[in-house]
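The first chain written gets the first letter, and so on, giving A, B, C and D; residue counts start at 1 in each chain.
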Amino acid sequence: MTKTMAMEKMLNKADLAAWMGKLETHQLFAPMLEDEGVWNYAPVVKAADVALDQPNTVRPPKDFVFPQRETLYRFEQVRGEAPVLTETLPDPQPSVVFGVRPCDSRGLVRQDIVFTKEFDDPYFQGRRAKTIFVGQACKVPPSPNCFCNSVGGSPSSEDGLDLLMTELDGKYHVKAVTQRGADLLAKGGALFKEASASDKAAVAKAHESAKAHPQRPIKELGKVAGALKQNFDSKAWDEMAKACIGCGICTFLCPTCHCFDINDEVTCSSPCKGERVRTWDTCQFPDFTMHTSGHNPRETLGSRLRQRVCHKFQYFTENHDMPQCTGCGRCISLCPVGIDIVSVVERLGQP
Amino acid sequence: MIDVAAIKAHAKALLEKGTVRAVIGYRNSTAGLLAEPFVFTGPESVDDLIYGPSCVQNLALYLVNDKKERAHHKSDDARPVAVVAKGCDARAITVLLQEKHFLREAIHVIGVSCEGTGVVDTKKLARKLGGKHAVEIDFDGGEAFAVTTADGVQSLPAAEIMAERCLECRGAHPQLADIAFGEAKTDRALHTPFQAVKHKMKEEQDNRWSFWARQFDRCLRCYACRSVCPMCYCEECVVDSIQFAVLPDTTAEEKANRIKWIERSPNRSESAMYHMVRAIHLAGRCIDCAECERVCPVNIPLRLLNTRLEMEAFETFDYNPGSDMNAPTLTSSFKDTDPNSFIR
Amino acid sequence: MANVQETAKDEPGFEPKIVAFLCKWCSSAGSDLAGVSRLQYPSNAVPITIMCSGSMSPMFVLSAFNKGADGVLVSGCHPGDCHYLKGNFYARRKIYLVQKLLQFIGLENDRFRMSWVSAAEGVKFAGVVDEFVKDVKKLGPQTRLKAKR
Amino acid sequence: MTKRTGVFVCHCGNNIAATVDVARVAKEMGEVEGVIFSKDYVYMCSDPGQSTMANAIKDNKLDSVVVSCCSPTLHEKTFRDVTEEGGELNPYRCEIANIREQCAWVHKEKPKATEKALKITRAAIKRVQNNQSLTPIGVPVTRRVMVIGGGVAGIQAALDLANAGLQVVLVEKNPTVGGHMIQLSETFPTLDCSQCILSPKMVEVSKNKNIKLLTQAEVQEVSGFVGNFKVKVRQKAIYVDPEKCKICDDCAKVCPTVVPNEYDLNLTPRRAIFIPYAQAIPATYTLDESACLGLNPVVCGKCADVCEADAINYDMRPKTIVEEVGAIVVATGFDLYGKENLGEYGMGKYADVLDGLQFERLCSASGPTGGHVLRPSDHKEPKNVVFIQCAGSRDPESHCAYCSKICCMYTAKHATLYKHHVPDGQAYVFYIDIRSGGKGYEEFVQRSMERDEVMYLRGRVSKVYENNGSMIVKGVDTISGKNVEIEADMVVLALAMQPSKGTADVAKTLKIGRDKDGFLAEAHPKLRPVESVTAGIFLAGAAQAPKDIPETVCQASAAASKVIQLLSKDELMHSPAIAKVRLSHCTGCEMCVQACPYGAISLSGPNAKASVNDVLCEGCGTCQAVCLRAAIDVKNITQMQVHDMINACLGV
């Protein structure tokens, strides 16, 4: 998204609902409590109920641009005739997603690279163009397993966002990062006051203090890729993966993971009719790399753990000059058996 | 109280003498409060072995994984493997033995009695602590857990933060064990088994459907429930999207002829199929370790679903999974007196 | 497609789609006898002859509902009359469990039914189908487990 | 999956075509993936129909065939033979879609029936496209036969089989063979003496080296399958050694217990040790355990004391005998309809109301009255005898719905015999219809009316009651339209025939079906009237349906010839549609091993995976449903095929 000159405004917390009320051209989403301990993005039904300082969502916001299931096209073939393919490019209603944590928005930056840089994915781009992400700077790490600082981010990073909101004593400091963020801000009209110098100073201070909270450390980020490359054949991978159960939690819930599988869902066999569908897949499933021959190059849990860690900290860094991990800590907190990517990197990703 | 030092000493002795290949147990995790399953292979590594209320995982799973790994590495070390087993873990091992997944002599069961202890439910604990973050948890006598937070150590009544399945456990003392630790305490207050299922059954059917539909809608299909289940040891699961179990003599025809019972799409109907197939396939095999429910990142009450048929097994067919490794399984047996009136 | 979860029941002209799994030796033969006797019953139930009710995998039931069946009927030999000695006893236990599970997740009770129909019970077969079709009609289309297609 | 499927839709004249739009079925099936040939034809099973099919298979190089027609029980074999012989294609590449019994005949509305026929046919196509070519498995056969029941049917079957060189085990529940026929006096329409024609056959049974006779024996358990049955028979202890017994009657003379003799329909007494009648086979006395004072020399022991041959042994115990046989003939016969059900006719209330068999004994020279027709109550000669036909038959409301078939004839015989015994007496017959189809039958009835002046009254009897010491039969003569009251000295009821009491148990043990009236069910009412639905088990005699002696003998010989045909080869062909294990998926959990009804699965190989015994497996698929890993399937009805059929039925 094109950056524009910084526009910084102040909004009374109480006026958040009023601002939302002026955004009727967009569908609004915000984190809602879905079940005990489970926050997830849901459509805003009552703006007054929206609270933006809750723990992070279980599902990252990547769903909005890379949904778990995407129909690529529909097919139909009458016998003896050529198959007819119907495009199903997404045309979603424009939407605004509130409460996006900076780690997750940095995840979107990585999704952008995958789906735009070398290959144009019209499904992703179609959704990305219609979705505005409003960030929520963290005051304290929302999880004990946060480590955004350690992977080049910060609790107030603007990467990937259209707007960044920072809570300051009953008020939000709202900064437009992109033009469409600024346009969204403009819709609030008089609800917003220009941020004063003292407001700006307060925000800078809040950002500083958030960054100062202790987080899980990775000592030398710059040397991780090289170290992992060195340790590719280490026996420690198998040892560290002993507890791994091979589920898809770490990757499905990762804001940067983007692997998918493509299947044909046949809804009628004659005439042959159905949809070609893309669904999330994960390198942690044993069938991810299964060959038709029966050979599986990543049959063991250790080799799959290595793939996950190396992709994030070595291969992606080598290709795009940034780690693919943004330090949200989901894979650590939600792992059923306590596999800890920070410990793994500490052990095998340090010189 | 469980004498952790005695468990450690036993494990150490086993590894020193070389009578077992490895000891599957628990150690502290860097990721949070709960323990991490670990495979101890050297006597010195056993220093890290722990046992406490944080040891929630069912280690029977690691026997299954161990078998897979040994097959992969074509290991020929024929020595048994030792495993720390709570009551539920031991029941799971019994079912696996009943299904001939291992030979009895290939496993050395280090039984740990949960009578008087049980393990923690982190959600209950979080509720109890109201925002404070627990960093450590241990037994505090037979009735309480000692919980450490930033504010220090506090003792909480075990019954209030214990996992629901532990409160309803019908076999807290491992029946299958080569050696057992912990006291046999029989006056432990138990909840009535299957109370959640029975409560749910009283609801109107339409409401029950709304409830489950919401759960199936939320399912991520991360398959953590399947992956954590010691009974889900099939070479290939019904939800896998490709022919997975392949032998050198598997024909191209067989590979091509995979039945797609369930689509990979994470929507209501497909997730409902997935969870129901799992429930049906667990009938008479689920030993209520409730790991599926614990690991679900979106809190789908899978224990509620899977214990529904366990209730039938127990109450209708007088079948108690994990109690007899020599009995025929629930669905490969029948009685003349099985219910018949539901049939027209 | 829109979620058709809560369609109004008792749709006029609703013709339920029913799959009837019949064991080859009793129920399919009983159904043949109904034919030979020219008994009339609704055409909604499409028969699939399987070797024995004992070969009735729960997957068949779940899959039929997933593929849009409004009702599923399983019919076998009376207890003790199984051509394969005891296949129907295994079926009885398994089908009981499947039925309990379906009811628990909230599928309407009348959508899944089992019956014993012997080779001599043409009249009973016609009656079972007739009654089942009537009961399923009352429930309207099955939307709960049906895949959106 | 096959790529060149052919579909043949039969009109069955108008049987299918009247309700199913067969042309539409043929047209739409032609559009199904993989179908390259589709045709409807008026009679597929006719010669031209069959050659159309054979030629189409060859000309179009079809690799799979569906015939949409009647039930596979009728013509699956026909069309598979055509596929193999005419079409030169493996017969298992042919499947039947039943659109007649399960569709056209049970629905009226053409569009709906057609829709259903489309689904049924499509499902069959989906199935056949994944069928494999199979070859039947040869199984060695046991060239021995068991015949259950020693009445005339069993005797005839046993003799035919034995004379063809097969070993026969004849199992009879009673102490003697002969069944009900040996109780008869004369037989219609020739009036030859029943004992005179049956006794030689009974003797032949006892003399024939190929026949092993087990009397007082009952079948307990059957396992195995066609060609290789294992039958457990329990034989009661008879306490008399038949080899030693000289039939001198000394034992019976001293026996203190007297009980009614069931062989004379309880019209005479017998002792606890007895011979049912002089010609009994085996020719031996037998001790009735239930009547004996205690099988204990301390209590009685008189018979043993008096027996010079030392044939009596109280220590005999029941035996369980296991017989291995290749085929079984079931000839368990009939019993008369329970008299207790016919109170309105005074049965059981008045001594002189008799059933047909009792009347036979009264006429018999060896019977209780030495061949004179005398009333049981006062041993006087009855002058007015009323015969009531259809006593219990043809009465769907309160008794049996079916016609017992032989009563018209035997009543005419009874009336004739009565007139021969009591020329000045009057015989009345109440009837509904006279059914006298059969060689010489109608003439026989006419003779009884004309020469013997039997009075035939068309109508039902409402009741038999007593008035001033005499029996009154109250009925209606529908021809004259008048109520009739006859003062009768004797009333004879032509009771309905029903399957013998043991038939239900035998059917259950053998796993063969029974019809709604309890008679044994034949595999096909017209084309396979002597076969049960279970391969290797055959039916003969009145256990299958009411029938007279010539018909019974016919069926017995027919069953015997079926068995001879079956056992004429050294090997039987076992169906190859059996279970197959997918070793890649099997984990060796043993659930299939536990569930298999035939013990056909065991664990084997280095990884202890399931392995199916091809000969023991019957292809029921119980294993398939208990396997959690989809590691076992029955060939040609795999889970994959059922899955595809479900989709076809639901239009997916």
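One rule holds for everything that comes next: a residue touches a chain if its C-beta (ideal position, glycine included) is under 8 Å from a C-beta of that chain, and two chains touch if they have at least 3 such contacts.
Note that the coordinates shown come from a computational prediction; the quantities given were computed from them, not determined experimentally.
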| item | value |
| --- | --- |
| Per-chain CA centroid nearest to the all-protein CA mean | C |
| Higher-contact pair (C-beta pairs counted), A-D versus B-C | B-C |
| Centre-to-centre distance between subunit C and subunit A (centres being mean Cα positions), rounded to whole Å | 46 |
| Separation of subunit A from subunit D, taking each centre as the mean of its C-alpha atoms, in whole Å | 75 |
| For subunit B paired with subunit C, centre-to-centre distance based on mean C-alpha positions, whole Å | 35 |
| Gap in Å, rounded to a whole number, between the CA centres of subunit D and subunit B | 56 |
| Contacts with 2+ other chains: residues of subunit A | 267-268 |
| In subunit C, residues with contacts to at least two other chains | 58-59, 63, 86, 90, 94, 149 |
| For subunit D, residues contacting two or more additional chains | 595, 626, 639, 643, 647, 651-652 |
| Residues of subunit C defined as touching subunit B within the complex | 5, 58-59, 62-63, 66, 79, 86, 89-90, 92-109, 113-116, 128, 131, 144-148 |
| Subunit A residues touching subunit B - in the complex, by the definition given at the top | 34-38, 40, 58-59, 68-69, 144-145, 242-243, 245-249, 252-253, 261, 263, 265, 277, 279-280, 282, 285-287, 290, 292-294, 299-301, 332-340, 342-343 |
| In the complex, subunit D residues that touch subunit B | 1, 130, 582-585, 587-592, 594-595, 603, 608, 626, 628-630, 639-640, 643 |
| Subunit C-touching residues of subunit D, taken from the complex the two chains share | 71-73, 98, 100-109, 112-113, 115-116, 119-120, 123, 508, 511, 513-516, 521, 533-534, 595, 597-598, 618-622, 624-626, 634, 637, 639, 642-643, 645-647, 649-652 |
| Residues of subunit B defined as touching subunit A within the complex | 29-32, 34-39, 57, 61-62, 65, 69, 72, 123, 126-127, 133, 218, 220-224, 226-228, 240-244, 246-248, 250, 255, 263-267, 291, 294-295, 297-299 |
